[in-house]
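Dropping a structure here in structure tokens format, bear with me for questions.
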Amino acid sequence: MHSINLSTLQSLLPEAKFQNTNSIDSVSFTGLTSLSLASTNEISFVASKTFVNEAKASKARLLVVSEDMVDSLSEKALIIVPKVELATAKIIRQFFPEKQPTGKHSTQVAIDPTAKIGSNTDIGHFVTIGKDSVIGNDCIIEDGVKIGDRVHIGDGSRIGKNCVFFDDTIVGKRFIVFGNSSFGGDGFGFVFAEGKHNKIPQVGRVVIGDDVEVGSNCTIDRGALTDTTVGNGCKFDNMVHIAHNCKVGDHVIIAGQSGLAGSVTLGNYVIIGGACAISDHITLVEGTIIAGGSSLRTSPKTKDVYVGWDLGLTFPEFQKYRVNIKNIVNLNKWLKRIENIEKKVGIETKES
Amino acid sequence: MHSINLSTLQSLLPEAKFQNTNSIDSVSFTGLTSLSLASTNEISFVASKTFVNEAKASKARLLVVSEDMVDSLSEKALIIVPKVELATAKIIRQFFPEKQPTGKHSTQVAIDPTAKIGSNTDIGHFVTIGKDSVIGNDCIIEDGVKIGDRVHIGDGSRIGKNCVFFDDTIVGKRFIVFGNSSFGGDGFGFVFAEGKHNKIPQVGRVVIGDDVEVGSNCTIDRGALTDTTVGNGCKFDNMVHIAHNCKVGDHVIIAGQSGLAGSVTLGNYVIIGGACAISDHITLVEGTIIAGGSSLRTSPKTKDVYVGWDLGLTFPEFQKYRVNIKNIVNLNKWLKRIENIEKKVGIETKES
Amino acid sequence: MHSINLSTLQSLLPEAKFQNTNSIDSVSFTGLTSLSLASTNEISFVASKTFVNEAKASKARLLVVSEDMVDSLSEKALIIVPKVELATAKIIRQFFPEKQPTGKHSTQVAIDPTAKIGSNTDIGHFVTIGKDSVIGNDCIIEDGVKIGDRVHIGDGSRIGKNCVFFDDTIVGKRFIVFGNSSFGGDGFGFVFAEGKHNKIPQVGRVVIGDDVEVGSNCTIDRGALTDTTVGNGCKFDNMVHIAHNCKVGDHVIIAGQSGLAGSVTLGNYVIIGGACAISDHITLVEGTIIAGGSSLRTSPKTKDVYVGWDLGLTFPEFQKYRVNIKNIVNLNKWLKRIENIEKKVGIETKES
């Protein structure tokens, strides 16, 4: 961990205003942490006005805040920024710089002579790279990564330990992936005939754009005839599964343990919460949000926040649904009551 | 990718009738793709009568069709087959032949001297094979596969990169698995005593039949006392989890991210959609279908299609349920209405 | 598999009473299995009084039972114990002793010179261990494990094939993990600005207590600013996902394919069934049980058993809910009936 001072912060955050910072001019800050944990030589941040009182009590001598908090914290040394989280992220990175590639290749590797590896790219131990594969410049290929034939990995990518790339997978620039993820395995396609499930060859590829980040233990399958595609800037958490033929737009977020069945189409800026199941051939228009734990079986027509099962409910509907979950336990009693009333007022009850 | 001509297709599909194909006798076809994407030297296929108009407009000069489409497409060159998808699968495989083993062994491996490896089997880089394990003939063991002791892998199997086989796992012939799947880890069994969870040793095995295909990042656990078994011809998608003591019949399909808890019994030809959770000790009779996203907590008595939660609904019930999901948000208002009526007609309201 | 005799059992189970065992004094028992599968030289166990008749019919010549079964099985040779499953587990372990480390190091490894490896620890093939990492005594590090920098693994741990530990992960003593699990990957944290999702550096660690067992293909992510922590004695099944900043207490059970979103807090002795989704920032108090297949979006206030979606229902509520699931399919008809009654009795219907 590095330590940094005010002038470093000033050049790091040119958009920021610094207030009451004269007295801490020479302080060497040792880290950034939460308000309650920070010590005097640490920076902290105020995520929202809710935390203003906590901020006042914090030992942190320097706070990242937004303009609307300045009045309440006028006695503190402040870094005033348009977006607290973004500035905070930049400061943290300053304390914990990213590992940089050095161009070091392990000798315990198996790299096909036809494979091309860019300059300043690290190749870890027990890595394999197959025929005609191309690894860009400035990459870090960590230990145990297995890369098949004709795979392309873009410049500046970081491939985590023991990830697997099957043949023909194409990955853009600045790709990040953590451990044990698998790309380009066959899509799940069979045709039933003669009493058994016969394999439909999966000959499309996986094609991933630039600036995509994927967690640990994810799977993205190759397409059947056409490619499975993931746009630029997408971020997938751990154990996310993308089935064959999916077309994922740009800047899509998918949280942990969610999956897309085959041929799902996601517009740009879609957000899917954790533990969601999106059925095959669903389409979500740009900006649609699916709340965590939802299971979508029907394509919603419009951009909205959806929660729940089948088509899902919009968020206002869900708020009402929530209140009513416990009513369901009494439905059989309600039926009795309706029947009683019908008898009393002389309505003929038909079977319900 | 290979290119193929009419005579190759004729010997490939002896069951097919070829119509209007004289004019394309000498064409060298370069691929097979969807109706809209196909160019003149590509083959396409008509999956159902719905696509007949698209077929007429397609540039593809040769179409795979079923008998019932022939009249509508009488001006096209046709391959008439009983099962379009099956014939299509065979043609695709012709363009993209499967990798064949060549008997090549990497030298960067760790194979116990007591292990036996069949003839014409490929062993990739950084593979390990433990004591008394037996790998069949004509297998491809890809890079990074780790095989424990006393494991058997049947003839003609293809084991994907970085898969793991713990001790005593038995796999039949023509097994296919993609990346990072784990077989034979301990089942999840503990007994609570003295304030902690005490491990119950898991000493059964995993025993898998012939012609099984498993996706990437799946897990099948060894049994507690008896074996976890998977029958012949089963196909599992990515991230499928089979817990200890499950007995899976033949030709069972399980789609992505679905799991069987302990001691589940599945009859032959069961189909489980994606993202399903099957509770422990559930039994599904032959041919039962569980729709994707379902969570089954009770064994359905009869063969049917089930959807939803707990016991699930049959599909016709589900169609009605669907319509009613949005009614749930108003139940508290309905209760008020029932109470009002009761008051008006003089029925004493008991607590509901 | 070893064989064992009565005197071994007597020293193994000092808390047990042995009854009618004189006649089997010299028998060499070859295994322990279920009542129906056991042969005469095998031991079996009676899990509950329900199985007493099966026990009478069993060929097993020696049964593990609890005090309350003794009268019904007075003609059998019995091992009478306070906890049948616990005694059974101990006997099984006797037949199948755990693999013990022998201090053997493969030469096909890549271990940083600054790493420290304890005594009597096995290092498998194609293992990597990074800078300043410390592996305890008496560990088994299986083939293909990849360990980053500054990782600590406690004494007596068994790390399964192809598991991955990213930098700074700390694991206690007697840790067990099966295949392809990933520890210490970045938490899933982004801030949206300028049309894209910007990474928030994840600089906390993963810190795991003693006596924890984790299945295959699990993921535990490092914290954002503070650590993701798992207490002592926790047991996680396969494909369990623990997101950043979670605080998991001691002796927590999480079954297969369940996940904790970010910043979840679990008290000691919490039990989470399979395929559960626990939303971010949820807190579960000590001893709370979440039934399998549940999706929790609200923190329950009290210790109880919860089932279902959102807040979940308590188990008695769930029993009533179950009965009513099928009533939901008729709600639209009920609405009609309520409307008819209202018309008949002269109540003005407002929109519902």
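Points to keep in mind about this one:
For clarity, chains are labelled A, B and C in written order, and residue numbers in each chain start from 1.
Keep this in mind: contacts are C-beta pairs under 8 Å (C-beta built on N, C-alpha and C of every residue); 3 or more make two chains touch, one makes a residue touch a chain.
Here the structure is a predicted model, which is why all the values come from computation and not from measurement.
To fit its Cα atoms onto chain C, chain A must turn through 120 degrees, a value rounded to the nearest 5.
Of all residue numbers used where chain A meets chain B, under half belong to both copies. The two sides are thus made of different residues.
Inter-chain centre distance (chain A to chain B, centres taken as mean C-alpha positions): 26 Å. The multi-chain contact residues of chain B, meaning those touching 2 or more other chains, are 108, 126, 144, 162, 180, 217, 239, 257, 308, 325, 328, 330, 334, 338, 341, 345. On the chain C side of its complex with chain B, the touching residues are 32-34, 37, 83, 85-86, 88-89, 92-93, 95-96, 106, 108, 124-126, 142-144, 160-162, 178-180, 211, 213, 215-217, 233, 235, 237-239, 251, 253, 255-257, 274-275, 291-293, 308, 322, 325-326, 328-332, 334-335, 338, 341-342, 345-347, 352.
The part of chain A that touches chain B in the complex is made up of residues 108, 110, 126, 128, 144, 146, 148, 162, 164, 166, 180-182, 185-186, 188, 190-191, 193, 195-201, 203, 217-219, 221, 225-226, 239, 241, 243, 257, 259, 261, 277, 279-280, 295, 297, 308-311, 313, 317, 320-321, 323-325, 327-328, 330-331, 333-334, 337-338, 340-341, 344-345.
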